[in-house]
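There are structures below to look over.
The following pair of complexes shares a single chain, chain A, combined with chain B in the former and chain C in the latter.
Then we have the complex of A and B:
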């Protein structure tokens, strides 16, 4: 029985990680196709990838879009959460619902909607438009995480700060945000990873400058190559590093 | 610094509920006022209105002669010590205490020096680098006090600041509050529901009930010469004997109509007012006194409570004549 539970666990992890393991393994393929058998270990695909101007530009674009859009989503989400948690407004339940609603809409629909709006208003597609798309999908996330973290402790500390002479912005900067730092950081890093991986919105809302997932997709169109495995492995490495950093800094401290 | 507070016909209504009903009160500069009353009596509402956390429905508040209508908390010459301390957990004690000075644009070295001085005043010298979570409840309350006093407010508002402390610590903090207030001369307005605390610290007690001021005066006056039956029973245990046209259940004691009020410590075996013979029901030891319950022969259902000296030896069932050393005649509640 005990052996069976261990076997189950092993199977579970294999199921989750086998694709990634295969991807990473064949990124070292010393041959032209990323399929078994492994013909030898080589770093030449990494060399190809790292010296590919387009790929590196796309990687830079992805980082830029991820960081800028997450910052915007966090800022807006935090302000909305703070307002709805502190001020009693008519229809605040409805407002909360509307803010979280985009989470339930598929990325494809969001992208199509934005595409129509941009076309109608004559806004040219660029990294900015993709970034706006990422704010749309990440703002509900940032709102939900920071809203859930706001408690009575912050409320009374904010009241005390106001009593001691702080203006609204000073209260936010010196008391609310620092007290919510763990939640804010968690929301930010989750946003960054979502934006970093996102394909459909980035694909539909960019034109000349593209993000990494879009560039990888165009690589795939010319057939399988261990180079795509290599760039995929690099993307995975960045995501894993972010998650580990998050785990070590924020979630550990929160415990 | 210090200032007088003038509260003029202040009312606060929430929908149909009245939290404060035309309250007027003059507080002198440097006075230690305690707002006392049961929960829901309006004392915290009044404190919030003085601090600017709410605007009154009617009436005015003047602090140092200045009308406070529409002035937000941050611009009022008041600061508050909150019941839950409301310290900033991400800051050191020094930064907590210096926060108000920082918001007033005082330079870092000057505010650090002031913060350390305030921490010394409340007995927390040498702990400026600690954080609130490293402190006990009593110490946190001291930090909250130092933080509120650091900006030299004219009026310090204290919202049940000792409510979360244990009895011994509370007595100690009462003495310290009184000493700090005497030293600084700041006007203190302190809210509590504990009448012993009120008597221990107040220059003047303002007793509130159902949104109105029931009674106001120095502790001894409010306790010994209460204006109403509510005040008499809120300030301490009382025996109430109904009096109608000179007749009581114990016989004709004195002339008039109302309620005869006798405190347990005023019942004795000798005194100017004879209450007639009564039978001892039981006796309990309370440390400083013994609490006895008597059933008067004339009205056995009217149980009289008396505080008898520690050394009294009496067996239940013993009958003895009782007297009152002092008494009050108050209007019966409608």
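Then we have the complex of A and C:
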């Protein structure tokens, strides 16, 4: 029974890691196809990828869209969460439901809806329109995370600050936000990773400047290539570093 | 102005930007799409109106309706297989792995989550393709004479999906299992239940809300996904999202694409209604 348990665990980890292992291994392929046999180890595909101007532009676009849209989503979500957690407003249950609703809808439908509106109003597609879509999907996330993190302890601190003469904005900026720092950071980085990796919204709502997943998508059309492996491995490396950094800083402190 | 009124005005001021954003870029687009789904194509022109033709066409034209059937079949298989694979893994991590290693075990189990979604499907192509790792290994071992055709089939789509959702479900089920007090299992065993009976009658029912929540999440994400079937599934059959994208791309038929999207959303809503009793979306 014991042996069986560990064997099962090993088999599933192997299944989970198989594609990533293959991806990374054949990014070093010294040949034209990223399939076995491995003909030798070379860094030339990384060179190809890093000197590809379209790819690097897409990478920059992705970072820009991710950071700007996540900042906007966090700002909107935090303010709304603060209001709904602190002030008794009529219809607050309805408002909470409305703010969370986009989470339950497929990205494809959100993208198609926005595309319809942009087409009808004549708004040109650009990185901005994709960014708008990313705020729509990340706002519920930021709202839910910050809303869940607001406790009574903060309420007392906020009241104390107000009694000592702080204005509403001072309370928000100097008391509420710093006390929620771990939740705010978690919401922000989660939004960044979602936006940075999002495909369908970015695909339908950009035109000339595109984000990295869209650029990788167009690389796929020309078939298997170790260059795709290389850019995939680089993305993986960046994401994993981010996750490990988060794990070691914010989540460790939160526990 | 009284303090309460002042507070309320501030509250409205803070919640208004997020509400307006959601109304302008989520509710309004959905309404626009709903309206468009009742429009008609004349040549390449969209003619507004109230014409249920797109919906009638969907339910009477088998080539369209088949996409929904394909999507439902794939999603059902993926959900069941992923649950069956993920539950034991989550249980092993929660109950067999020493406490101080659990977080690491979990982090490792979801590490490939952080590869780009597009790249992950592409990686499976390298594994399952005709010259891929699986075929080369089996040929080398002499187990098969001809390469198996796995890539560009429904099986490949399902494998790609299961890979993603095993990771997701392991996380959600683990979170549920770890909240259980060990006293439940202890009490059942004191009362004479064996290990299997304890699991079936005590542990499984207690984790059912988590399982249903995970299954619902799998259903929603799987049935709405375009990338995985497009990269791995080949051209033999289309899923509903692929059909929607095809309408947009090739024929520019926005009204039909909108109607198909409304149908996709209705299916998800039905799934929600069916599982709402057990859903704990707030506990994710």
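The criterion applied here is as follows: the second predicted complex is superposed on the first by the 255 of 255 C-alpha atoms of A that agree within 3 Å, B and C clash if a C-alpha of one lies under 4 Å from a C-alpha of the other, contacts with A are read in each partner's own complex, and residues count from 1 in each chain.
As a working rule, a residue touches a chain if its C-beta (ideal position, glycine included) is under 8 Å from a C-beta of that chain, and two chains touch if they have at least 3 such contacts.
All figures in this text were calculated on a predicted structure; none of them were measured in a lab.
Participant: Which term applies to chain B and chain C once both are placed on chain A by superposition, clash or fit?
Facilitator: In the superposition, chain B and chain C stay clear of each other.
Participant: Which partner, once the models are overlaid, touches more of chain A's residues, chain C or chain B?
Facilitator: The partner making contact with more of chain A's residues is C.
Participant: Just chain B (first), just chain C (second), both, or neither: which does A:159 touch?
Facilitator: Only chain B; A:159 stays clear of chain C.
Participant: First (chain B), second (chain C), both or neither: which does A:190 touch?
Facilitator: neither
Participant: Looking at A:175 after the superposition, I want to know if it touches chain B, chain C, both of them or none. Which is it: first, second, both, neither?
Facilitator: first
Participant: Between chain B (first) and chain C (second), which does A:55 come into contact with in this model arrangement: first, second, both, or neither?
Facilitator: The answer is neither, since A:55 touches no partner chain.
Participant: May I ask you to decide whether A:167 touches chain B, chain C, both, or neither, giving the answer as first, second, both or neither?
Facilitator: Once the two structures are laid over each other on A, A:167 reaches chain B alone.
Participant: Between the C-alpha centres of chain B and chain C, what angle is found at the C-alpha centre of chain A, to the nearest 10 degrees?
Facilitator: One gets 100 degrees for this angle.
Participant: Applying the touch criterion given at the start, work out whether A:117 contacts chain B, chain C, both or neither, answering first, second, both or neither.
Facilitator: After superposing on A, A:117 lies in contact with chain C but is clear of chain B.
Participant: Contact-wise, after the overlay, does A:22 reach chain B, chain C, both or neither (first, second, both, neither)?
Facilitator: The answer is second: A:22 touches chain C but not chain B.
Participant: Taking the superposition as given, tell me the minimum C-alpha spacing from chain B to chain C, whole angstrom.
Facilitator: 5
Participant: I'd like to check the shared interface: which positions of chain A are touched by both chain B and chain C across the two complexes?
Facilitator: In chain A, no position sits in both the chain B and chain C interfaces.
Participant: Touching chain A in the complex: which residues of chain B?
Facilitator: Residue positions touching the partner: 51, 53, 72-75, 78-80, 82, 84, 86-90, 99-100, 102-104, 147-148, 151.
Participant: In their complex, what parts of chain A are in touch with chain C?
Facilitator: Residue positions touching the partner: 5, 8-9, 12-13, 15-20, 22-23, 26, 33-37, 76-77, 79-80, 82-84, 86-89, 95, 98-99, 101-102, 104-110, 112-114, 116-117, 119-120, 132-133, 135-136, 139, 143, 168, 193, 197, 199-200, 204, 212-213, 216-217, 220, 224, 228-229, 231-232, 235-236, 239-240, 242-243, 247.
Participant: Please give the residue numbers of chain C that touch chain A in the complex, ascending.
Facilitator: Residue positions touching the partner: 7-8, 10-15, 17-19, 21-23, 25-30, 32-33, 36, 85, 88-89, 92-93, 96, 107-109, 111-112, 114-120, 122-127, 129, 131-133, 136-137, 163, 166-167, 220, 223-224, 226-227, 231, 241, 244-245, 248, 254, 257-258, 261, 264-265, 268, 272.
Participant: Where on chain A is chain B touching in the complex?
Facilitator: 153, 156-157, 159-167, 170, 174-175, 178-179, 181
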